[in-house]
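Here chain A shows up in two complexes: once beside chain B, once beside chain C.
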Partner chain A sequence: MTFMPERAAFSVQPAARGALLREIALLAAGLLLLALVIRVHWMADFAVFFILVLSFDLLYGYMGHLSFGHMLYFGAGAYGAALWLVYGNASAWAALAVGLAAAAGMAALLGGVVLRTRGASFALINMAFNEIGHFLVQSPLAAYTLGEDGLSCTADPLFGAISLYEDRWAFAFCGAVLLAVYALLRLLTRSPFGLLVRSIRENESRVRFLGYDTFRFKWIAFVIASTIAALAGGLFTLVQGFVSPRVISPFGNVDVIFAVLIGGAGSLAGALIGAAAFLAIKNFLPVIIPELSRLLDVKLPQWELWLGVVLLLIVFSLRGGIVGTVQARLRNRKPAGEAQ
Partner chain B sequence: MIQTVVYGLTIGAILYFFSVGLALTFGTMHIINFAHGMVYTLGVYLFITFLQGVGQSFLLALAASLLAMLPVAWVIERFVIRRLYGESLDYAIIATYGVLLIGTDAIKMIWGTTPYPVNDPVGIAVPLAGMDLPVYRIAVVLSAFALYGALRAFFRRSLVGRVVTAALEDADGVRCLGIDVDRHFSIVFVLGSALAVLGGVLYAPISTADPYMGFHILLLAFAVVIVGGMGNLNGTFFAALALGMVMAVTGRFWSQAANAMVFVVMALVILLRPKEAH
Partner chain C sequence: MLEVARLEAGYGSARVLHDVSLTVAPGEMVFVVGRNGAGKTTLLRTIAGLLPSAAGEIRFEGRSVAGLAPEKRARLGFRYVNQEKRVFSPLSVRSNIELAAHGAGEPFDSAWRRAVALYPKLDEFRELPAGRLSGGQREILLIARALAGQPRLLLIDEPTEGLAAIVIEDIFRILERMRQSVAAIIVEQNLAIVRRLADRIYVMKEGRVVHEIADPRKIAGAEPLECFL
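Up next, the complex of A and B:
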């Protein structure tokens, strides 16, 4: 009898199921709380960013593959949906499906190529493809995408009643998708597949030595991460009703990478907290700083400088991001309290 | 035709000036150093400021900005790069990108976001094959060839150069000989930064100075470093000139595609390269 490790049970421990429901409830409560604190108008965008960051965490945090080209798939999802809405019909579902299918197909194809590299080469070859995608949208396909001018599109209301151009509905819809994505990734990362993906991050040769076809697992994880990014892109199109080459620009990658790192890579909660912290830095500092500088009567630098300072802090003193630091603190405290 | 060739060589020369430092950091420490873009941009802005101070003398302002950037480069090496030694790729990226963001924002605060044009310091063009060829561009290309020769001599003859050449091959091996690689490396890091400033200043009259110029050349220089063989200094030179030509030739027929074509070449090189370097 041959040992087939890949057939190992894809089971979820019964105990985990209750925990999953609790986490989903917690996340939903957190989203609602956030919606109360800030304007609902921003919440759909925030949820889209959360989904994108979660997808990147699977690729980078769990599998250890840093990519500078994740926005390619976000952009493919966004443009796929927008092009369908403009040249196909006005169905939001069909638009989402087209965006997902386009990105998944691209990821399946390019994944076979980029995953032959790793480390810096992997990061930069993804950036190269992202740059090429950005260029394609900007120039050769400008007849369809209208290049820099961007593409406006409108989708029919969902189920004939829910208009995504209404802030509350947009937030409800994107929030629900976010919860679903969280649940999916939570199940995936706790499954034996998730364990394998994490093992690949730690030491790929040893995983291969155990008899696993690591390339296949990396490819599957890459396609899943890219498709979820495309889902975020598709939602972006539906909510905004407008896409421009900015959604596929390689510069967007930096935001995603930093969000994951600020929170703590390799944990879904970390990715979400990091995304929230990043959005806070990016959206609120530009509002607060001019106020503060008027109050103190000094010229203060803009938010980018503060983000730079935060990044240096993360690398040199808060390793593991917010979640990692808190966990380390708790772990250090435990032995004292639980002394036997 | 000749104009395209000269343009390609000019771009290649600038890319070479910039990429040397990047290739050195990558070859010795496996760090993708985003802070290099900040050094480049800040150097150009200092140059523009000094230019008004020294009565528009191009060479004096260039020398002053190079001198002013040496301590800046040293501080980056001492307090950021050196502390990243042995760190994973991603933490090095984050930290150096943090430096780039801080630098870019400081530049925007001090000089504003409007692009600054810089005059051609030579201002003479020679007629060649029915077209006017700026002497300045020819000078830039020649200086890149001179730099290539000088660097070759430096890395083969001088002690610092030889230590670093050996460390590019096998840093641990050199350390086992009791040689302090980091100290030698910091000299070369400052040298690489100075070359980036030189490249930036030489490029300023051809383009304009804006706070994000460092970001744009970084992406292209990554391609140069990858195509040149990640830390291979000869390879960096030829890759820079080759990619400069790719940009010029593509740009002649399809101007928007110039940058994208560089990345097509880079993707092809990564795929066709026989063995994974790192």
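Up next, the complex of A and C:
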């Protein structure tokens, strides 16, 4: 017996389609608003981070598998694209495709190993692979990646006219990809496949006893999450024109995990809100703390310390993340219409 | 249909089941009774494939299922309803049934109709997160979920444990409706229910089957079932 969802279950119903379009419109409006508040040249980076955090939310928030090695796939996408641009040709599309294929292949292979483990072992074995990837680009493959110096690359304009080195085009392109990724994940997480993935998070053995080969579905979700992370990595390369071992560093996982925890794991809106909140804190604290220090005429500790403190406060005070906490409060306000 | 012969199983090196043998015929409702710690849940979990057997044989329709993963046993028609009444809490009642129906290859609509026929109130709670159901309603949802597809053998662990009398009556009616249509092994402490529904009873003590009562109706009234415990 295989997992054969009914066609109707996968088709987008009119009401669901309307809700999806509203969410996409809201997200697009949010991005434009953000672009007005902060500088446009940050927006492509923000969109790339949003995509990365969404991909991680599928793995951790929906499937319940905390990985400390997700940056491996972001890095694979980034380096795959950069290496193609340097040693292949200057096609941005081909570079993206190479990055995605490299990461998807890697995830398909490594997924067969890491998904045999769970909990802390899963988190750490992923970190170990991430560390191996980081080491490979730094040293053994330095002849191609130029090690610590990093790799500069240039892509031709998209459709011969859209240069991703112009801030507004970079934002438009990355924003469009973000909307597409959101729509894809929204459909995926609401489909029977999404139900299954969420149920695996709840209790894998119970899902197995419903007749599902849970390993196969975990593997598919892992490959999808990793490939979307690679898409973010590929976009990073296209808009930055430069990659260094920093893009594949395991330390980057901390940012992604914090973003999901702040927003609320297991919700696409939560992932986006968490990513925005994290980037706001991370980008504005270095400005605010020295200003505050000057105003108060007191030597305050470095902003990184405050970043840690603020993140800890948020994570501990909002256990379900921003979205989870708001949802819980709204639920508690409703009159008890529960099952009697 | 199911033959368990000289089964030994446990947790790690701790052996819980010793030399357990039992049989279940098609459509038969078999109850396993015994005091706490007798090994009843371990027996169900071993038959379901959630625990490995250390020795002995489990044969289903003439074929050995020892070593088969739980999902493969589920595909043969085994369904396990756990004692903890754990549904997929964040998912709606509908999604819980939907998930089971897809896994069993049955269209959702027919699985849902059967579930509602079993317990019409499920329709009211259709979109409610299953975690917000009461204990009894969760148990009913679990049984409805287990009936998705074409189950051949239900393994139900303490369906009435911790439930109010009125809900126990609902569960009783549901089990009564299932009689003859699907074989079941039910672990149960409520002897009133056992007496009314059992086609066969196995009494367990300290990991062993100490009595087999092949025709429970004969003992009703004459010899209280409690004397076997």
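Things to note:
Convention: the second predicted complex is superposed on the first by the 315 of 340 C-alpha atoms of A that agree within 3 Å, B and C clash if a C-alpha of one lies under 4 Å from a C-alpha of the other, contacts with A are read in each partner's own complex, and residues count from 1 in each chain.
By definition in this document, contacts are C-beta pairs under 8 Å (C-beta built on N, C-alpha and C of every residue); 3 or more make two chains touch, one makes a residue touch a chain.
Just so we're clear, the structure is a prediction, and the values are computed from it rather than from any experiment.
Touch counts on chain A: comparing chain C and chain B, the chain ahead is B. Of the two partner chains, chain B is the only one touched by A:I314; chain C is not. Touch criterion met: A:L305 reaches chain B, while chain C stays clear of it.
After overlaying the two complexes on the shared chain, residue contacts for A:A25 are found with neither chain B nor chain C. In the superposition on chain A, A:A328 makes contact with neither chain B nor chain C.
Within the superposed three-chain model, A:V287 lies out of touch with both chain B and chain C [touch as defined at top]. By the touch criterion defined above, A:A180 reaches neither chain B nor chain C. Contact with chain B, but none with chain C, is seen for A:E131 once the two complexes are overlaid on the shared chain. Interface residues of chain B facing chain A in the complex, by the touch rule stated above, are 26, 30, 32, 80, 83-84, 87, 89-91, 93-95, 97-102, 104-106, 108-109, 215, 219, 222-223, 226, 230, 256-257, 259-260, 263-264, 266-267, 270-271, 276-278. Looking at the complex, you find that chain A touches chain B at residues 60, 66, 113, 116-121, 123-125, 127-129, 131-132, 134-136, 138-140, 250-251, 254, 257-258, 261, 265, 299, 301-302, 304-305, 307-312, 314-316, 319. Interface of chain C with chain A (complex): residues 48, 50, 69-71, 73-75, 78-80, 82, 86, 88-91, 95, 98-100, 102-105, 107-108, 124-125, 128, 132-134, 137, 145, 148-149.
Residue ranges of chain A in contact with chain C, taken from their complex: 1-6, 9, 192, 195-196, 198-199, 202-203, 205-214, 266, 338-340.
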